[in-house]
Each structure stands twice: as C-alpha cells, then as structure tokens.
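Multiple structures are listed underneath, in structure tokens.
Shared chain: chain A. Partners: chain B in the first complex, chain C in the second.
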Partner chain A sequence: MKINKKIAVSESGFVFDSSTGDSFSVNPLGIEIIGMVRDNKTEDDIRKILSEKYEVSVPVLEKSLSDFIGSLRSAKIIED
Partner chain B sequence: MEKKKITIAATGLNNIDNPGPGVPFIRGVRESKEFDSRIIGLAYENLEPGIYMHNLIDKSYQIPYPSSGSDVLLRRIEYINKIEKIDVLIPNFDAELYTFMKSSDKLKEMGISTFLPTLEQFEERHKSVLPEFGKKYDIKVPGSKTIFSEREIPDLVNEYKYPMLVKGKYYDAYVAYTPEQVRMYMNKISSKWGLPIIIQEFVVGTEVNVVALGDGNGITIGAVPMRKQYITDKGKAWAGITLDDTNLLEITNKIISKTKWRGGMELEMIKTNEDDYYLIEINPRLPAWVYLSVGAGQNLPEALVKLALGEKVEPMTKYKNGTLFIRYSYDLICDISEFEKLTLNGEL
Partner chain C sequence: MAKLHFERPIIKKLNVGISNKFGSKTEFEPITEIDGVDIKELIVKYGSPLFIISEKTIRETYREAKQTFESRFPKVQFAWSYKTNYLDAVCKVFHQEGSWAEVVSRFEYEKALENGMPGNKIIFNGPDKTEDDLKIAIENESYIHIDHFDELYSIMNLSEHLKKKPKVAIRVNMDTGVYPMWDRFGFNYENGEAWEAINKILMNDKLELVGLHTHIGTFMLSANAYHIAASKLADLAYHIKKKYNHTIQYIDMGGGFASKNTLKGAYLSGLDTSPTFNDYAEAISSALLNSEIPPDSLPMLILETGRALIDDAGSLAGSVIAIKKLSDGRRSTIVDFGVNILFTSFWYEHKVTPAQGFTQYSETSSMYGPLCMNIDVIRETITLPPLKKGDNLVVSRIGAYNMTQWMQFITLRPKVVMIDLNGTTHIIRNNESLKDVKGLESVPEHLKKISK
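Here is the complex of A and B:
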C-alpha cells in the first residue's frame, strides 16, 4: 500500500486531497502511521512497530489498526 | 509599466444569493497589472448591489431587458457609449448573450469590442441538445429529454430511473424523486423561465466545475477546476476549493480545442466513484465564482478583456490548488438620494 500522490499531510495532522478537495484531521498516532505507510512499511511492519512502542494488547491493536487502515483506504488516502 | 486606460462595461451586478458574475469579474479587472479601467455597470434592476459598490464601479446605467428587443437595448447602449466611450463590453447573463452575440457587429461599429461564443457554439451546448453535443465531441453526458407538457411526465419512467433532474432552459435545477415532484418543479420552473423543461438522467457522484477561457482558435487560455464545499438552497456555491484534477483539465482542453470555444465558460461535471466524468452543463460565460481563478493565480477576467481588445494572450497553465473561496453577505448602506437618482434618471 502507498499514499495517494495527491495527498498532503501537514505536521499538525491536517490531511488534504488536492484532487477531490476533501480534508481530514488525524491525531499524532495517525500521522505516525501515515508516515510509516509513506516509508513503504506493510501493515504487518506497522503492527510490529506499534506493539513494540506502545503498551497495547494484540487484539486491540489489530482491530484499531485494521479499522484505521480501512478508513484511509475508503477515503482514498492510501491505495494498493 | 504604465497601465493602459480603458473603459469596460459589464452586466451581472446582481451580487445576491444567486449571484451574477459581474462583480467578481470586475474585481478581477480591478486587480489587473495592465489596465487602469473605468468600469461602467449595466443593470436591469435598480437594487442590483453592484450599482452601489462605488469602489468597484465608476458609473452605472440601467438598461432594458433583452426581451424588450435588441433595437431598444442597442439604442440605450448607444446613448451610454456617447458619454462613456466604451472599449469593451462583457455581458454576464445567459439570457442576454444571444442578443449581444447578434449585435456584436453593430457594437463593433460603435467602437465596442466583445469576446463572445459564436451562435453555433452557443446553440449546440444548450441543455436541451447536450446528448448531441456529447456524441459530436466524444464527451460523456447523461441522457436527457426535452418536454413541453405535463402529459409527457408518466412516460419518462420508460427512459430514466427516478430520481431525475428537472431543469429550466437557462436557470434552475431540481432533483425529483416522483412524477408528482417532476410536475411540481416543471410548473415552478416554467412559470419563471418558460418552456421547454429538460429532464436529465441523475448521475450519482460529486459535482465538479471548471472555469475556463478559450481563444476562439482551440487554445485554452486558462482553466481552473473547483469543487463546491458549501451549497446554498438555490444550489449555488457558497464556498469552494480549487482542485488538482488533470482529467478535468484534459476534458476542458478537449472541449475547447474541438469546439474552438470563444470566450469564458463554466463546465459543470459529475465525477462518479469509478472516476468517470459526465458533462451536465456548459454555461457560455464566466461563472459567479470566477474570482477564485484570480485568487489561484489565473486572472481570467483580465485575459478576457485582452482577447476582446485583440491582444495576444499567453495560455496560463498553473494555478494554486487548495485555494478556497468563502462567500459572505455584507450590508451596503446607501442614501435614498442614490436610489432616487438611479430610479429617475436611469444612471448613477
């Protein structure tokens, strides 16, 4: 998966799609995940990094990450 | 560089909730680095806000509606021209364009330049013949049908599924979900704008628009795509944002190149979830949101004036995407003497 070329993400978490005019806001963790996608990390890589960095149970992390990636996909922020 | 002094007359000063393009056009011209313009406002009604915007418009004159006949309108323009020596006249209403296009030679004899679509271009992009336009120029358009009577409503379901769009020849569009709603909107539109009514297939997607300017030889002088961010109950954009959409620009260039479009235009399109683009309307003039193009880096009003003056204009290909416009309402305070002057003398 990769970030759609038309997406700009500011340091404050403002996500802007210049091809549709849609804008979104994400929290610091969201910025971190988008940054990892930008660095060509896979969903498995991201899950691994987050589980090492944060105290979170595996089921909660898996569900939350999968939901977030799904939201990014449906908003066309990331594409396969 | 010394600015060139010119006198420009413009209509469409009705900067109301369904705004005409006159005031934003004039704002663009006022920001020109090449022209020092004297602006003459041409108004149909005595409460068009532009008349009282003295920072934008130097003098305003009332003119008769095109329905009074082109001779009456031309006589009035002739009178105004004797006083003002107009260099360029920019009409901004769909309903008046035909009269001005037909009179462009007579205006030229008076020394007034225009830059309008040809009659053929104007006629072939009408909503009522959009399917033929799409076929001729290989542009996707929704199916549509022209109806003249309520008796034709029950059979519509044989051609299109509900909902359907009910549109006036020049203005107004409503989404109808039932035959009763088609009837209701048909009566509403026809009482205001007359017949026929256009029934258009409803394409699901996001409406996107382009303001563009063609040089009459197939070259796009400028084009800026926009998506409405906030829409009023009249369906007008109250806020919008410029887009980085190369497909939209390609379609615009294709239309301008194939039709050799002359003058300003607004393309209204639907982008589906599958990224198909359907042309739903071509307005044959700059739209009321044209000032967004100026804000994004393309002064299309200035370029239109230059084309009217016969000057060479280099195509503009860059603009800043992510530029927003947000409209606002503002109360102008005027003394009754101004209103009195305009009402009694027809000029202010």
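Here is the complex of A and C:
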C-alpha cells in the first residue's frame, strides 16, 4: 500500500486531495500512521511499532489500525 | 520507558458550509472524579456500569432551593417526591435536611414510614389509594390529597367507621396556558369541579380540609405557569375563607421544575433554557403574596419538586464495549448501559463525558446500549473524542427517575453507591443477582423435568 500521489499531508493533521479538492482532518496517531505508510511500512510493521510505543492491547490496536487503514482506502488516500 | 497513551487514529472529512455557531464539540474536559473520588477506581471496585450519587450535591442543591424560596415567602416546606428516587439513603438525606415525604402508592408510603417519617409528615398523592391505604393514612394522620370523587366518598365513609376526622387536601387541575394541560389528576378549576369538591367537604363535618394542591406538569420550562397556578389556588383559598370562614393551612404547588438536562429536539442546552429556582420562587411567591389572602393568614407553601433537586446529584459511570462502523460509514459506539437502566435517554440528550484524558480531536457517532433491541439508543448522535473498547464514560444529571423507572430486562441491575461528605463511598443498593430474580418465580411440578 502507498499514499496517493495527489495527496498532501501537513504536520498539523490537514490532508488535502488535489485531484478532488477534498480535505480531511487527521489526529496525531493518524498522521503517524500515514507517515509510516509513506515510508513503505507494511501493516504488520506499523502494528509492531505502535504496539511497542503505545499502551494498548493487541486486539484494540489491530482493530483500530485496520479500521483506520480501511477509512484511508475508502477516502482514496492510500492505494494498493 | 513508559508507553504513551493510545488514542484511536481517526480521519474526518472536512465539509465546507455554514459553520454551526454553537460548535459541534460539547465535551472539553474529562470527568475523572466525583467529589474527589476517582471514577476508574470506583469502576474497578464496584463494577461497570455504576450509579454514583453525591450526598454533597443533594444537600447543596436542596439548601439552595430552600434558601431561594424562604427568602421570598415566610412559610415553606419541601416534601421529597419518592417516585423521583426512593432509594432509602437518598430519601434520608432529604429527610435529614427537613423534607417531609410525598408518596403516590402504599409501597412508597410504607417506605416513608420505615425511613422514620411520622405519619403527619407524609403527603399521600395519586389516583390509586385502596380503602386499606386510606385507612392507614387516616390512622397515621397523614395528609391525603384527594384525586377524584370516588376517593372523596371512600374517605367520608372511612371517617365514620374510624371515628376520625381525616386531614385532606384536594388536587386541583387548571389551565395555566401550557399545552398539554394536565387534567387527568384532581378536580378542574375552570369548570367548577374543584368548588364542587370543596363544598362537599366543607358542608359536612367529616373531613378537615387543610390544603389545596396542584401539579401542573413535568419539566416545566415556563415559570409563569406556576404564577398562574398559584394565583388560582390563592383565589380558592381566599374565597373558601370568605364563604365558610375556613382557613386553608397550606398550598401545595407540587413539582415539575425542570432540571438542567436538555430535552430531545431542543435547539439550546438545558443549561441555558431551564428556569432557575429563583425564577420558580419568584413566580410562585409573588402570586401568593399579591393575592387577596391577608398577610397574617398566608398559608404554608409546600413544594414537591423532585427532578430539579436530585438530577445533578446522580451520575452513571460505564464502559465502551465496542466501536463499530454502520452500513453508511457512520460510527456507532456501544456502551454497557442501556435504556433499561437509563430510562431518561428516551427524553434527554444526555451529557456523556469521557472519564479519561483526550485530545482536541472528535468524531460523531451514535451511542447504543448493550441490549439486543433496536430501541436501545442512548444518543442518536453525539460528538466525542475517539473512544476505544474499555474506555470509561460518565453520564451526568441522571439522579431523577432512572433508579425508580429502571427495568430488570435481559440483564441484572448494577450497584448504586453514594459518596458521603467525607469522600467515603457506600453501597446504597447492591447489584441484583440471578437468585434475587429467580427467588420470585416458581415452576409447576410437571415442568420441573425437561426430559420426559
């Protein structure tokens, strides 16, 4: 998976799709995940990094991550 | 190194349009404690969900209301509305503060007696009082508020048998300019029915007419309706004196004062729209003081307000069970408290606040309870920080009606704790067990074995 080339992401969590004009607001962890996708990390890599960094159970992390990536896909921010 | 707090990642599409001048986010600070007691520790100790009552808030609210009325009217007496919350510990706080008891059933009447209320400090309201209920109330010299003529005749008969003169008031319903008019209880003012009842009582000597009572509605957002009602009752009291030379000892204005909750469909928050105790007190006392009743024979003013005195003192702590996505992409949050224990969700847009810290990000979701029923909706839409399974929430202002109208449906009802003035927590109602529920059941002999 990779970030759509038409997508611009600011450090403050503002995401802009220049092809559609849509804009989105993303919270800090969301920005961190988008950054990791940009660095070509896989979903598994991201899960491991977050699990070590954050106080969260494995099921909650897995569910939250797959849910978020699903939202990024449906917003066409990432593509496979 | 300690791990960081995890806030679920969220993305929200930004829509350009007219911005909402009232904002969309409602919660800016978490509720992590009540009266200095940590919410999460309470949940660990007593379970989730958990009803929490603040004794401090009850006493403060009561004292504020009492002081507000007493600063305007010489004789004021509160009577605690049992149906609003009849947990013994709650009733006892009100009784310690000086409240009488206002009951609407034999069950509540006996609860009041067991809570130490003498019979002559119990007001017995309601349309359903059996002959036996009335007999006990007459013998205990309680104030019986007559709802209909059938009851009036029953009391007259009983007074002959018991050789006692029952102390009674009549409940009067009336047009106060508020729709819908509550005319199903008591005798109507405008059509002369109230006078008919008064004449019947005062033209024979069997009953002692001590008071006039009204209860004009519930969650009354207009204080002026109370002004109209008090004026009409004062007019009755004045003309009773004139016609029969009989002094009415008290005027009971009932309850119905709104709390600060927000009604469903309301545009503005209840915090901004509900009248204050000052508004109600001014409306009622000015009507009585400006009536034709001479100042030296003003009746006592009785108030049976329940909701406005207890709502703020009650909170419900609970937990997030799951976060789901609905078919159209909307979020839904499933929590472990449903409409079975939070009955007021049918009327209010309850204030729900996370019990842990959060960032400025928020998302809109529906909030559903745990019951396997489509009606189990706590909030149709609510904007909260991103929540995850296991997070805790606090629903505020739930002290009124929930702990009396709750239902043992599908599951067992949780504990209720009270935090006392020293910050010590007491269980005032234990959680139900399967044994409690099954204890009332019995199975016929031929059904005891399921294999033939």
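List of remarks:
The criterion applied here is as follows: the second predicted complex is superposed on the first by the 80 of 80 C-alpha atoms of A that agree within 3 Å, B and C clash if a C-alpha of one lies under 4 Å from a C-alpha of the other, contacts with A are read in each partner's own complex, and residues count from 1 in each chain.
Assume a residue touches a chain if its C-beta (ideal position, glycine included) is under 8 Å from a C-beta of that chain, and two chains touch if they have at least 3 such contacts.
Here the structure is a predicted model, which means the values were calculated and not measured.
In the overlay built on the shared chain, the residue A:67 is in contact with chain C alone; chain B does not reach it. More residues of chain A lie in touch with C than with the remaining chain of the pair chain B and chain C.
Touch criterion met: A:6 reaches chain B, while chain C stays clear of it. Contact with chain B, but none with chain C, is seen for A:18 once the two complexes are overlaid on the shared chain.
The contact sets of chain A with chain B and with chain C never meet.
Within the complex formed with chain C, the residues of chain A that make contact are 13, 15, 22-30, 32-33, 50, 52-57, 59-61, 63-65, 67-68, 71-72, 74-75, 77. Of all residues in chain B, those touching chain A in their complex are 206, 226-227, 229, 240-245, 321-322.
Those residues of chain C that touch chain A in the complex are listed here as 2-14, 323, 325, 329, 359, 361, 386, 388-390.
By the touch criterion stated above, chain A contacts chain B in their complex at residues 6, 8, 16, 18-21.
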